[in-house]
Amino acid sequence: MQLTAHQIGILLEGTVEGNPEVTVNQLAKIEEAKSGSLSFLANSKYEQFVYNSGASIIIVNEDFVPVQPIAATLIRVKNAYSAFSVLLEKYDELLKSNKTGIEEPCFIHPSSEIGKDVYIAAFAYISPNVKIGDGSKIYPDVYLADNVTVGKNVTLYSGVKVYFNCIIGDHTIIHSGAIIGSDGFGFANGGEGKYRKVSQIGNVIIEENVEIGSNTTIDRATMGSTIIRKGVKLDNLIQIAHNVEIGSNTVIAAQTGISGSTKIGENCVIGGQVGIVGHISIANGSNIGAKTGVNNSIREENLSWNGSPLMSYRDSLKSQVIIKRLPELEKRILELESKIKDRLK
Amino acid sequence: MQLTAHQIGILLEGTVEGNPEVTVNQLAKIEEAKSGSLSFLANSKYEQFVYNSGASIIIVNEDFVPVQPIAATLIRVKNAYSAFSVLLEKYDELLKSNKTGIEEPCFIHPSSEIGKDVYIAAFAYISPNVKIGDGSKIYPDVYLADNVTVGKNVTLYSGVKVYFNCIIGDHTIIHSGAIIGSDGFGFANGGEGKYRKVSQIGNVIIEENVEIGSNTTIDRATMGSTIIRKGVKLDNLIQIAHNVEIGSNTVIAAQTGISGSTKIGENCVIGGQVGIVGHISIANGSNIGAKTGVNNSIREENLSWNGSPLMSYRDSLKSQVIIKRLPELEKRILELESKIKDRLK
Amino acid sequence: MQLTAHQIGILLEGTVEGNPEVTVNQLAKIEEAKSGSLSFLANSKYEQFVYNSGASIIIVNEDFVPVQPIAATLIRVKNAYSAFSVLLEKYDELLKSNKTGIEEPCFIHPSSEIGKDVYIAAFAYISPNVKIGDGSKIYPDVYLADNVTVGKNVTLYSGVKVYFNCIIGDHTIIHSGAIIGSDGFGFANGGEGKYRKVSQIGNVIIEENVEIGSNTTIDRATMGSTIIRKGVKLDNLIQIAHNVEIGSNTVIAAQTGISGSTKIGENCVIGGQVGIVGHISIANGSNIGAKTGVNNSIREENLSWNGSPLMSYRDSLKSQVIIKRLPELEKRILELESKIKDRLK
């Protein structure tokens, strides 16, 4: 893949500034780019790298005003990050071999329904009454239990396990080792300190355009459904308990855990290692910082939260500053006590 | 499955209040139940839903006193939650196809011993000298290494991996992606900042009636055994390090980690995302809140703990209230300082 | 395996103290050792056990001075822990069956290159253009995607998944369920609150002598490489995001997460459940306590850190002491306020 700045300018509907004949054959980050690389500048934090970058072409936002001369050819576009993403995507398609067909040995129950242009790898296991939509890719060691429904153009990477009756929507991507529909963690008092398993007869519904990270676990509902709404993006090693519902276009970073029956709103952004207790609601547009412990419902929309105990993001920053100075604070109290004592003499 | 209130009353040894001829064909949570549903009320937090519920039949505790009229037929039983659990379980059995027999292709070493009525799925791998007890179910992509012993009526869901010499007790359930017996994290100083692996020659012993969640990891002992006692329930994504012992009927929520050689007592309840350091003991009946960091042994039984640093549950609540008000506290100290200064003039 | 103290003394180049003819046939920890066991004392915390130990032979450091009589035969060596590790390792080799050859059914693409003395288990999947070095072991359900390179004497335990183009160095061990090279968590604003996937075209490079724990996830770089340098040891359930780099001989405990593009130095020791934000650097030799939240770069080398917010280890201990006494602190402020008020009357 060798392209000129002129060609890329046309592709991205951008304006070329500098030599239009310079060519690139790879994509790179601005701080690592060498000659022959195409790079981009979207975040002003990285602007310093533009002036010394070895990149041959740099995609920038149309309103970018350089403060020093730049050696590279610039291509100005409306949104540099989006434009670069488009190129990444095309490159990605070239990189990945487009697998189709059914490899042997695999296990496909005759009662299952497999769509057109599907890839089913060796060692995939398709149980009775499973449905797989057109264009979906089922990699090695994927296990789809009885009655699982997989939509169109779904990618299930190697080792994904889906328990019975679960539903996966169109264009969804699930990464290796993610477990969908394992039993919710429900036990009743069985007497004498023992526990009795509460059967988990519900399922998991994952809507369309969802992406789920590696080794993330989503438990089936006790009754009803655990629901991941359309456009949700879950990172790796996340725990979603039974009967949780996550609103559309909510994004959650790695290692966060959400306890049973909690409802997360739409368009929330939740950091990594957050813990959210069960049976609460989080309002739409909530922004929750990494490592936060959420132990109560958040009712007002579009606010930022942080800390454990939970505080507004602003209060949390203030509180954190003082936590670091607690020994000094105690000293000041001690001094006050001694002064007061002196005065009372 | 269509049943009348009368039939269910007999099944549960309960008292029917209202129309005994009304029929149900599904189970549902009280807040989601529609006509034709059987539901239950166990937790008074949900009582409000009883009065507007669309459920046709509601199971309640025998001492439940409604404060408004209820449209549904009630069935009064000693313990509504337990009674409903029994129904769930029966329904669950109907839902799940009862797999038995050996599917091809699978790998079963001739030196292994397989009991009666066992299910071994395609792509399961049974190594030399493995023993599997009667009635156990081994799903696709389960790997049992050399000399593993699996008891009776054990369920190993798809993708469970068990390293060599480990032992799994009767009636235990292990969910997809759980790893039993991987090497403990042990390294010795190898000089020049390098580490040398310490061989991990012990095993993992899981006793009977244990349930282990998806993608949970339990490391083998360096020497001796990592032990999970009978009746223990572990949620998803939990880390159990080498030589840990967990006492019987202890319950641990998702994403908690327990470091090497720590001993957890019986009948403990440990929340999610808790971290427990190595080489300590936790007394029987300890109750540890979510996200707690336990850095010292807990010697007194049946107490509740919380926070990081570790505090009694009560102290932790008090401390948390003040953490939120730290900026105000500092202001008060500042005012005191200024007043004292004025007075000293 | 039955050995005399005399034989072990020669093997370890140590000095035998006591009966040289006593024999042992197993290894055990000092606090659990019975007659016929060989044990060791390296950490003085365990010295108490030496005096009552049932062990027949105990390996000790050459400068160990007993304060009571010891029944066991002692073998004095330079480093008791290292010496014992050597014995553990030999025992471990005896325990493990040394698998070689190719088991059926497995999937090996004809374009792949397989070295000498390699073990490829049934249900392993080797994609086009994969290279596997001499002496490596590929257990059941391992998936190696297109163009993956595996070095010499690598062990990939059952269920390891490696995405396309990733590279694994010589002598590296990866435990079950670890996922190498899944997509980094990168999404661009797609308008109307929706997200657009940013293709992740980079890879993961794991250098030699690395060990990676069960169910740990390491994401591929957006562009370039996520890099795990030589000698790094990662515990279970760790999250390594895209474009992270971990310096050589750094050790990280379970359930820690490192966000995108962060660079960790060499010879760091990082505890469990630590969270490290993206786009920062951690200096060589940093020591970071369990559950710490690192939200800024650490620039000075060889320091110890703790807490969330991040503090020096010493400050964190001081601060934690006061957090526990916050209610008392508030009371003292209240008293001061009341006294001042009285005096102002």
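Here are a few things to note about the model shown:
Per-chain residue numbering starts at 1, and chain names A, B and C are given in the order in which the chains are listed.
Assume a residue touches a chain if its C-beta (ideal position, glycine included) is under 8 Å from a C-beta of that chain, and two chains touch if they have at least 3 such contacts.
Model, not experiment: these values are computed from the prediction.
In this entry, chain A maps onto chain B through a rotation of 120 degrees when their C-alpha atoms are superposed, rounded to the nearest 5. Taking shared numbers over all numbers used, the chain B to chain C interface scores under half, which places it in the different class. Averaged C-alpha coordinates put the centre of chain B at 26 Å from the centre of chain C.
Of all residues in chain C, those touching 2 or more other chains are 105, 123, 141, 159, 177, 215, 237, 255, 273, 323, 329, 333, 336, 340, 343, listed in ascending order.
On the side of chain A, the complex with chain B involves touching residues 105, 107, 123, 125, 128, 141, 143, 145-146, 159, 161, 163-165, 177, 179, 182-183, 185, 187-189, 193-201, 215, 217, 219, 222-224, 237, 239, 241, 243, 255, 257, 259, 273, 275, 277, 293, 295, 308-309, 311, 315, 318-319, 322-323, 329, 332-333, 336, 339-340, 343.
Looking at the complex, you find that chain C touches chain B at residues 27-29, 32, 81-82, 85, 88-89, 91-92, 95-97, 103, 105, 121-123, 139-141, 157-159, 173, 175-177, 209, 211, 213-215, 231, 233, 235-237, 248-249, 251, 253-255, 266-267, 272-273, 290-291, 320-321, 323-324, 326-327, 329-330, 333, 336-337, 340, 343-344.
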